[in-house]
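So, here come the structures, one by one.
Look for chain A in each of the two complexes below; its partner is chain B in the first and chain C in the second.
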Partner chain A sequence: MTAPPAPLLAVRALRTTFETDAGLAVAVDGVSFDVGAGEAVGLVGESGCGKSVTALSLLRLVRPPGAIDTGSEIRFDGGDLLALDADAIRRVRGARISMIFQEPMTALNPVHPVGDQVAEVVRAHGGGARDARERAVEMLRLTGIPDPAVRARQYPHQLSGGMRQRVMIAMALVMHPALVIADEPTTALDVTVQAQILDLLADLRARLGTALLLITHDLGVIAESTSRVIVMYAGEIVEEAPVTALFAAPHHPYTRGLMAAIPRLDDARAADGGARRPRLADIPGSVPPATAWPAGCRFRARCASAWDRCAAEHPPLYRVGERHVSRCHLADEPGRRVVASTP
Partner chain B sequence: MLGRLARDPWARVAGIGLLLLVLVAVFAPAIAPYDPNRQLDIIALKDRPPSLAHWFGTDPYGRDVLSRVIFGARISLAVAVLAVLAATTAGLAYGAVAGMAGPRTDAVLMRVLDVCLAVPRVLLLVAITALWGEISLATLILVLGLTGWFTLGRMVRADVRAVRAREFVLGARALGASPTRILGRHVLPHVLSTVIVWATLDIGQVILLEAGLSFLGLGVQPPTASWGTVMQDGADRLAGLWWMSVFPGLAIVLTVAAVALLGERLRDALDPRDLPHR
Partner chain C sequence: MTASATATPAPLLRVRDLRKAYDGRGGTVHAVSGVSFDLARGDTLALVGESGCGKTTTGRAILRLVEPTAGRVEFDGIDVLGLDAGALRRWRRRCQLIFQDPYASLNPRQTIGAAVREGLEIHHLAEGAAADGRVLALLEEVGLGRGFAGRYPHELSGGQRQRVGIARALAVEPEFIVCDEPVSALDVSVQAQVINLLQDLQRDRGLTYLFIAHDLAVVAHVATAVAVMYLGRIVELAPAAELYRTPIMPYTRALLSAVPVPDPTAARHGTVLAGDPPSPTAPPPGCVFHPRCPDPRKDADCTRSVPPLEEKSPGHWAACIKEP
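Let's turn to the complex of A and B:
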């Protein structure tokens, strides 16, 4: 057997900070992960956990007062992204790594026809005007937009939310990048349209061999479209596992809390009995401020199982299964887990 | 959006009026009954009130005031348009640089602008023109233009900042657009409506300023006719030579009103969401 190929993207000890009036906010604090060629990886966490800043850091889109620490390493396709000059990183953006944003209404420029905006990506990477226009229409066709030549001349406000997100996908994929970072690509859409967009992404990925880093707070979306999941909390990775392993046996109390917070259809059915609907579980409290991460385990204050060791010792990433790691001392002392009583 | 403007009756009146005025200025030699600088008959045609032969009367040098007002339109309009063009260029460039620059450069550029804005424009104009000595038309245009772009610079900078913070600019950056591409494709189109409206409104102001300076003898120099110099020629006997101030004054008032009206309507017609609230 040969050695496994180097991953497409290798992030090591990524630390991104922001100067604020309240002090230095460490939005991303020592994050390391890989994305293989053609692989789909999910990045989950609640608002403020650092997942979006991680995404922006990968393309060096963090602006002052934000900065990526010098100890960080982002290797892509064998090269060091943090070593590139401004022009070289610009040539990576959109062509080798591209990005899809959450809100297609604000992420598209209202004053240009959508076809022009797709073509603009080709032009930014040196394509001629006619070639760019043809590739734009072709890409719009690939995203399943009917009558792409006609739609290309329309403005964003003339398209539905789903159509606009298809345009965004066309913009992200028109240069056939090796990696697409999608930051909450379906959050702003109706549930039925969400499914269509996720299917489209999966289909195009399969056709073009594109790797995906899918950022979301929605575990349902993750289960549907990725093979591996990274869970972030308070600027750190707290759990990482293949998607089946994570759903079968989530280890970190935070991951368990996230899963318990997914509404389930059978709960709703129980309400039909007329008695009482079980209350949807939540995780008490909120993420601590990034200017003052607590010592020890950062999830401690919200964790039912926490004991004195969690305050004293910052947990490392324990190995808890096949390609499955968890930043929780419970891996060491499983007997201490407190299981919340179900109502 | 310009169709909306064309259907607005007031904007139409103002637009047609200005168009006529421009035509009059362009074809002045064909329209004016006399040579504006010729002293027709220094004895018989000195200080004559309006008559059928001289609708706007004659001035103390025996020149036809109507012809001077018609030729004056050329100077007054040309000075205003060119000065506003200069101001627009300067304001747009300064505002775009400050808006695209980092926080430190931006802060320095804005403090410089604060200082410039703290000096009243009229005072600045009078001081510069009075100290300059001999004033050519080019100098006058330059001075009017370079003292007039401060508010525009500030507005453009604010617009650029606002557009730059919008997500489609981040999107464009994420997909590999260079800063110049972002400026040209994404930022400037959003700033354009502000610039057009500002320029229209400023033309009226510059016409007034030029007239005022010329009236004070600091602007257009005799014998060249501008609306301001015609008024100046009758200034020492304002009540006696009323036609020398009323007719050029009327020309100024109507022009400035038409320009201001058109500017206001233009502002309403251009997408209001893209204009900062003022």
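Let's turn to the complex of A and C:
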């Protein structure tokens, strides 16, 4: 029997901090996870949970006053990303690992034609001018942009939001990277355009064999686009599972709260006439500041099930199912779960 | 017709053929092209559609924050577009607007208490200690608590700032609130808190909402009726349950099927609508949706004239000539 292949990306004990006026903010606090070659992994959580800083850390894009702690480990394709010098990490960015941001208007340069910007990625990694231009137009065509040769000569402001996001995807994929990190890639888009972009990403990934780390707060997008999900809260991973297991049996009270808070189309279908819909389940309170993570379980102040152990003992990631872990003492003492009654 | 002769009371808000055009570099932009609807007191009408469909302009034109080019707005029998400046100011007290990003509307050097107090003073509703008391009561009503009165906007989270926006709107005791994407910048757990708050306030104060949103799942939770807008026009209008159960317009069906479903075992979305909405400077002839319409019944007739919004079944209006 052979050992399973090493994952494409292996993150271990990643800790990223920021010096702030209020003290040291531990935005990412000991995060470990893998992404396999060609795999689509979702990273979900609310603002301030550390998901975007995790993404920036992977590409070493954290700038002072932020810093990645020594002791963190990011292994990619067998190499240690944190050991690379500035030149070497630049060769990885855009070529082996690339990133798609939420707001293409701010990520694109307004004074250069979009085709040049895609071509520039190829040039930066050693491609010739002519080859770069051809690959740029071909990549724009693959992203479904009509008349790609014409569009390549246009400026970002001449394109719609959906077109601009296609250009961003072309820039991210033109070097056929092994891993794409997409940070809220569809959040700024209309729902119809979001559906187009998610389909496009899935189609291109299937063709090119690209792995995806999809960062989003939208569990609907996660359900449609990923096979494994990591839930973050207060700088930590609180739950990780295959996507079907997570939605079928979420374990952590935070994950359960997130799922219950999602408004659903069926809410209206179920209502009769003008009758009021039931209240949405909300999670009381808000995420604590990263300068002062509470001791014990960081979610306990918002948790209906919390008991004294949750204040005394920081929960480890318990195994609660096949490839399914949860950072909650309920795994140890399931009888203590308080199920909120429907109001 | 006398009031006693009809079972349904007159609507609080009646909008007829509302239009707003802007002269831009590329020609005239028809942001709103003839919008009509009624909104009964205590109800919530949601205006939904993609960016650029005219939903925000419609809300602002009703409040005369932008001056409509044409049309009629009746509020509790008042001809709003006919009001002079003084009467408009007095009427505005009965109506308020809640924005997507309350941070942009808050003065960073002003405390939360002072921001909420402003409306009371502008409209001479309370002064001195009475005003202080009202401010604290409002902060409690929106779930912030009195302790927030002395704090500054930058100390607050997005959800807390939206509660401040709601408290400011409530300060003048309005009857009608235009909620313009009030929860779309918020995280899902906080979004649920704010939606619940808006619904509690509606129940307790008998408020009427025009709820502008692009998120059909959020709308499913708050609306009594839904108007779907496309390129400046209402293309479908129905009671919420009816619209979500049996949408008529191909555009509405496409919008609904594009909403990501938080269930990995569910079938992937059906119709993915191709392309972007066309430009409001040069709307296509006939039905404005026909270039993107996936309906097999589409033919040359769809390009000939703008389909009227017709009542296809009781209370359910749609603008499609292929729909009997």
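The working rule: the second predicted complex is superposed on the first by the 338 of 343 C-alpha atoms of A that agree within 3 Å, B and C clash if a C-alpha of one lies under 4 Å from a C-alpha of the other, contacts with A are read in each partner's own complex, and residues count from 1 in each chain.
Rule of thumb we're sticking to: a contact is a pair of C-beta atoms (placed from the backbone, for glycine too) under 8 Å apart; a residue touches a chain by one contact, two chains touch by 3 or more.
If you're wondering where the values come from, they're calculated on a predicted model, not measured in any experiment.
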{"item": "Combined model on chain A: chain C and chain B, fit or clash", "value": "fit"}
{"item": "First, second, both or neither for A:Glu46, with chain B first and chain C second", "value": "second"}
{"item": "Which superposed partner A:Ala124 touches (first chain B, second chain C, both, neither)", "value": "first"}
{"item": "Cα-centre angle that chain B and chain C span when viewed from chain A, reported as a multiple of 10 degrees", "value": "80"}
{"item": "First, second, both or neither for A:Thr106, with chain B first and chain C second", "value": "first"}
{"item": "Which superposed partner A:Thr244 touches (first chain B, second chain C, both, neither)", "value": "second"}
{"item": "Chain B or chain C, by number of chain A residues touched", "value": "C"}
{"item": "Contacts of A:His324 with chain B and chain C, given as first, second, both or neither", "value": "neither"}
{"item": "Least C-alpha distance (whole Å) that remains between chain C and chain B when both complexes are overlaid", "value": "14"}
{"item": "Shared contact residues on chain A - chain B and chain C", "value": "none"}
{"item": "Residues of chain A that touch chain C when the two form their complex", "value": "46-47, 160-163, 190-196, 198-199, 217-224, 243-244, 247-248, 257-259, 261-274, 276-277, 279-284, 286"}
{"item": "Interfacial residue positions of chain C with respect to chain A in the complex", "value": "43, 50-51, 157-160, 187-193, 195-196, 199, 203, 214-224, 239-241, 243-245, 254-266, 268-269, 272-274, 276"}
{"item": "Complex interface listing, chain B residues touching chain A", "value": "102-103, 166-168, 170-178, 181, 185-186, 189-190"}
{"item": "Partner chain B, residues of chain A touching it in the complex", "value": "59, 61, 64, 87, 90-95, 98-99, 101, 103, 106-109, 111-112, 120-121, 124-125, 168, 171-172, 175"}
